[in-house]
Amino acid sequence: MQAMKRVEIITDAAAQTEVIGLLDSVKVTGYTVFPVLSGRGERGERSGDSLTSAFSNLHTLTVCSSEEADRIVELCRPVLKRFGGICLISDCVYVKH
Amino acid sequence: MQAMKRVEIITDAAAQTEVIGLLDSVKVTGYTVFPVLSGRGERGERSGDSLTSAFSNLHTLTVCSSEEADRIVELCRPVLKRFGGICLISDCVYVKH
Amino acid sequence: MQAMKRVEIITDAAAQTEVIGLLDSVKVTGYTVFPVLSGRGERGERSGDSLTSAFSNLHTLTVCSSEEADRIVELCRPVLKRFGGICLISDCVYVKH
Amino acid sequence: MKVSRNRVILSINSSPICEIGPDLNPVLSNLLAPPILFFFLGVFATLVRSDLEVPSPLPRLFSLYLLLSIGFRGGAELAHSDPEHSALALLAAVSLACLLPLWMFFVLRRRLPNADAAAVAATYGSVSAVTFVTASAFLERQHIQSSGFMVAALAVMESPAIVIGVILARRFGDNAALDWKHLLKDAFLNGSVVLLLGSLLIGSVTTTAGSDSVKPFISGLFPGMLCFFLLDMGMVAAKRLRTIREAGLFVILFALIAPLINAAIAMAVAWVMRLPEGDAFLLTTLAASASYIAVPATMRLAVPEARPSLYLPMALGITFPFNIVLGLPLYLSAIEYFWRK
Amino acid sequence: MKVSRNRVILSINSSPICEIGPDLNPVLSNLLAPPILFFFLGVFATLVRSDLEVPSPLPRLFSLYLLLSIGFRGGAELAHSDPEHSALALLAAVSLACLLPLWMFFVLRRRLPNADAAAVAATYGSVSAVTFVTASAFLERQHIQSSGFMVAALAVMESPAIVIGVILARRFGDNAALDWKHLLKDAFLNGSVVLLLGSLLIGSVTTTAGSDSVKPFISGLFPGMLCFFLLDMGMVAAKRLRTIREAGLFVILFALIAPLINAAIAMAVAWVMRLPEGDAFLLTTLAASASYIAVPATMRLAVPEARPSLYLPMALGITFPFNIVLGLPLYLSAIEYFWRK
Amino acid sequence: MKVSRNRVILSINSSPICEIGPDLNPVLSNLLAPPILFFFLGVFATLVRSDLEVPSPLPRLFSLYLLLSIGFRGGAELAHSDPEHSALALLAAVSLACLLPLWMFFVLRRRLPNADAAAVAATYGSVSAVTFVTASAFLERQHIQSSGFMVAALAVMESPAIVIGVILARRFGDNAALDWKHLLKDAFLNGSVVLLLGSLLIGSVTTTAGSDSVKPFISGLFPGMLCFFLLDMGMVAAKRLRTIREAGLFVILFALIAPLINAAIAMAVAWVMRLPEGDAFLLTTLAASASYIAVPATMRLAVPEARPSLYLPMALGITFPFNIVLGLPLYLSAIEYFWRK
């Protein structure tokens, strides 16, 4: 069991390639993407539309080292600036197969 | 990066308007709602039915200040009493766009 | 409000009966299962296929005591060894209905 | 075994073993209809724990389709209905929906908490659209006519029992204030009522050219879609049935006997009002059926202390299968017996 | 009330109140068509806050079906088209798609930020497949012919306005470098263009036997599927309409007037090119329609500072309902008036 | 270009360039069938990275529909089958399913770990329902008859190879204890076997009136639904194909050659048993096809160390497209050559 950081990014589904791109550039060992039903923030209500996907968010989780987390946060800022959303960091311990 | 509370509420989908209502009354800056596949607790197995939605849960996440978290917990209790479910609070840091 | 552990297991959907089985054997008071859209780890990209479900993951969350968490971690290891995936533990407090 | 119209020929290697003539047992004839057979296939798949699944939200497609189709076709036939006749039948339907919950509530509360008794009474006072739809298909196979306004009867019977149920729960329960606005909205504007009445209206006002254009979709696909839907219903019913044992013998018996009593009351009403056979049969089926969509949706909000794990398995696991498999031929036989006397 | 072909008979209890002869008002005739009625049912359900819902991704099934069906049938008719004629019409379509965004952008930027102005201009320069499909069904009900290549016009009009919109946003906005490769890919290879052009091609190269085999699916179900889809569109449109009040009067007026201006320009082009009535009508409808699938998908990546909460409600909440309810009969009346003069 | 029945006319502006007479190349005729063309459209969409998508779980609707439809229609035809004939054909089918994995396993384990070799052997020993369904549609277009019991052959060939594969993995692998109960349940009661056999039974026992009522749904929509499904299969196949390069030349060659060898063995068996052309062709196709639904579902539990990223791309990315595009006309030509000699 290692002490790790649990980094979560909730942002516009349109930004997904960029989010994955930044995780790749930090070389995290893995990540998981979760569906989001709806959300609210500064840009108002967001709930995926059956037609357009224009208002849908995604939630990406990666468990990584503290240094990696710091780099993710830095890379994340401009993406959040353009597409809105939040990035959370919390502590966890981690067991890998 | 600010130190915040990560508050999660898992309860009956039927209680969703009440959950959003209590977050609104606390004036949180935002929240995100996630789908739940299935769950188990004191009221037994709960897995959304293709016909009725009678046994489906939802998961609501909000990142907020410690005081807001306390108020959410208070407001949450009667809802959890009526509809079942749980409310979790943990620590996190938070980056906003 | 009690101090608890938040235990999360992300692994192959095929292992779901085993995951539930191990939670049952530890006698946790409850758990919640979330859908996963996609993921990446040592076994490469995994995103549920419309035909086969061969590459889909699930995410299971249980809030439990520290001792229960330790036992879950032990029981989890062989499952993660066979099916891949991760197990996270973090701290939280907990309000039950 | 092949059954051609009114003859069943049980055979091995095409040599007939026994032959059942024109007065073919209606139970058997119903059992061999594709929708019922697919229902059993669904039950079987769940019992043997096969991984067969109609993943969500596909079953919603079928149920939306069935409501739209039955509503539209009912509307198209409304024009040919005698308005006085229709008004009377609708009145009978609403009265049944208001009164049936009462007798059930007072019987049920002898054994169940008030909230549960009220919820079960609402469940059995309200109606099941799929049961109605299966009954219509059954009538069609028997070449018996029914009126378009019976679809309106289906629509108007969904909501009153829910309102009565909530009032009973409050009056005999915690006596908390009633949020009438929400209750009436949830009961009368729930999705299936709106889609059903809306399609009915659309079917009755659209042009004949418009009506013809949608016929392949609305009429042609109907029996096949019903098969698909009942396949899923079979799986859901069998799953719910598993959990009912905990509920005890009383509720199991209630789920079998209440439909019969409600059917008998409805038949008496239909007889007094001289409804034609087909309409009487549909009214009877409606009274005998139990709701599992509109009722839980409203009850969980208005009376959250009532347990869905009690009333849903009763409606889905026992009453629904009982009605479509045995109830339909039984009710029709009874009606034919009395009406032709 | 029943409308048979060209006669509307308003009646109570089957006794006619008034009768509308062969020259039935096309607005009324359109209002009574099943797809339009279902659209209103969807709007009604949302306005009264019913829980009626066509859960995701079922609406995608209908939209995929409509694209596949309209493409395939267009392709099957392509063989009978005069190639010179077709080429000219396609040229007109592309020119319209490139030029219409320009006038709109320069009008819009007087009131809106550049990014928003560019996005709205792209939205109204591009096209809506469902509006086209509803227009085709409308033509069929009026027994007016149109050419298969108009489906190709639909396909080629989707992308150019998006590219123009992004160029405008950059040229008058942040002037950031343009990722041409991504932009062109997103604009020209978006799902609906690929499915539409692909089905068109398939419909035109397949064997007649192959074409006949899919007819019950592709043609028979079409009007019914359109009803289902418009039921959902009604709900989405009403939801979006709710949020538009914040956007202000200017954009609401724009969403009503821009379609009329674009329609008039398209009519003039069609007139100059002597397109037959049916084709002129479809080209006009395309110009008047506004995109709400392809445009947001590309814009959100290329110009994320443009607000979808502005351009989507305009297209979905105002222009789409306006076009299918009032626009279609209006455009057809105008064309009939001028073409028959 | 238009192809009418047996004539292909390549033309520009309707003036024929070349004409292919009645003995139209069956490969070309197959290539121009709508389902195959939609398959290529799906492949194209993925290759150009279009955002076209048939979102989950819509593809499940199509696959459930295809199984239900092919099962029901097979059942309806079963009555007309010669029972002795059927029994023999089913015996041949089961034998093939049990024996084919053996030769493949011993070839494969020269290059692959035992677990992978067993999983691939199971994949190619089992069958693909969509390949069968495409083959049936191909036969229908060629106006060649086949028997309803071939659907039963499809059903009985799905499971045995899975069981053999797991046994091989254990016998030559970790030799761990085998959970027979789970294995047999997973193999023989998986969803597609239950739905297929269930629908077959229903189709054979239902009344003719019942059978007629579902015909528009079950037969009429079939070719169109197949198009939709193959559109999605094209996208999935192309996605899987991308990942296969890592697997190396050996598995790619195996995925192309094993179907040919299995087809040849099946043809020999069919020839010895004097099956008629249509049935021989379907048996050959079944032997040549590879499973990608039932096998991974069971294998991942029983032999989790076998890599789905190896056996799924082989079946979906190579063998499936090869079979439906080139395999079908090839197998039919071979059978026509030998059977008519």
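Here the chain labels run A, B, C, D, E and F in written order, and each chain numbers its own residues starting at 1.
Here, a residue touches a chain if its C-beta (ideal position, glycine included) is under 8 Å from a C-beta of that chain, and two chains touch if they have at least 3 such contacts.
Just so you know, these numbers come straight off a predicted model, no measurement behind them.
Using the touch definition up top, find the fewest steps from chain A to chain D.
Steps on the shortest route: 2.
In contact with chain C and with chain D at once: which chains are those? Just list them.
B, F
From the centre of chain A, which chain's CA centre is farthest?
Farthest chain from chain A, going by C-alpha centroids: D.
Among the chains, which one keeps its Cα centre farthest from the Cα centre of chain F?
B
More than half overlap in residue numbers between the two sides of the chain E-chain F interface, or less? Answer same or different.
different
Which chain pair is joined by more contacting C-beta pairs, B-D or A-B?
Taking the two pairs in turn, the one with more contacts turns out to be A-B.
For chain D and chain F, let me know how many angstrom lie between their CA-based centres, rounded off.
Distance between chain centres, rounded to whole Å: 40 Å.
So how far apart, in whole Å, are chain C and chain F when each is placed at the average of its C-alpha atoms?
36
If you average the CA atoms of chain B and of chain C, how many Å lie between those two points?
Result: the chain centres lie 20 Å from each other.
Going by the contact rule already set, what residues in chain E reach two or more other chains?
54-58, 60-61, 216, 220-221, 297
By the touch rule stated above, which residues of chain C touch at least two different other chains?
34-35, 83, 90-91
Output every touching chain pair, sorted by label.
Listed in label order, the chain pairs in contact are A-B, A-C, A-E, B-C, B-D, C-F, D-E, D-F, E-F.
Which stretch or stretches of chain A touch chain C in the complex?
The contact residues of chain A facing chain C are 1, 4, 6, 29-35, 58, 63, 90-97.
Tell me, which parts of chain E touch chain F in their complex?
Residue list for chain E touching chain F: 57, 60-61, 64-65, 68, 72, 79, 83, 185-186, 189-192, 194-195, 198-199, 201-202, 204-211, 213-214, 216-218, 220-221, 297.
Which residues of chain C touch chain F in their complex?
It is residues 12, 14, 43-44, 48-55, 82-83 of chain C that touch chain F.
Within their complex, state which residues of chain D touch chain F.
Chain D residues touching chain F: 1-5, 8, 13-14, 29, 32-34, 37-38, 41, 44-45, 48-58, 61, 137, 140-141, 216, 220-221, 223-225, 227-228, 231.
Where on chain B does chain C make contact in their complex?
10, 34-42, 57, 59, 73, 76-77, 80-81, 83-91
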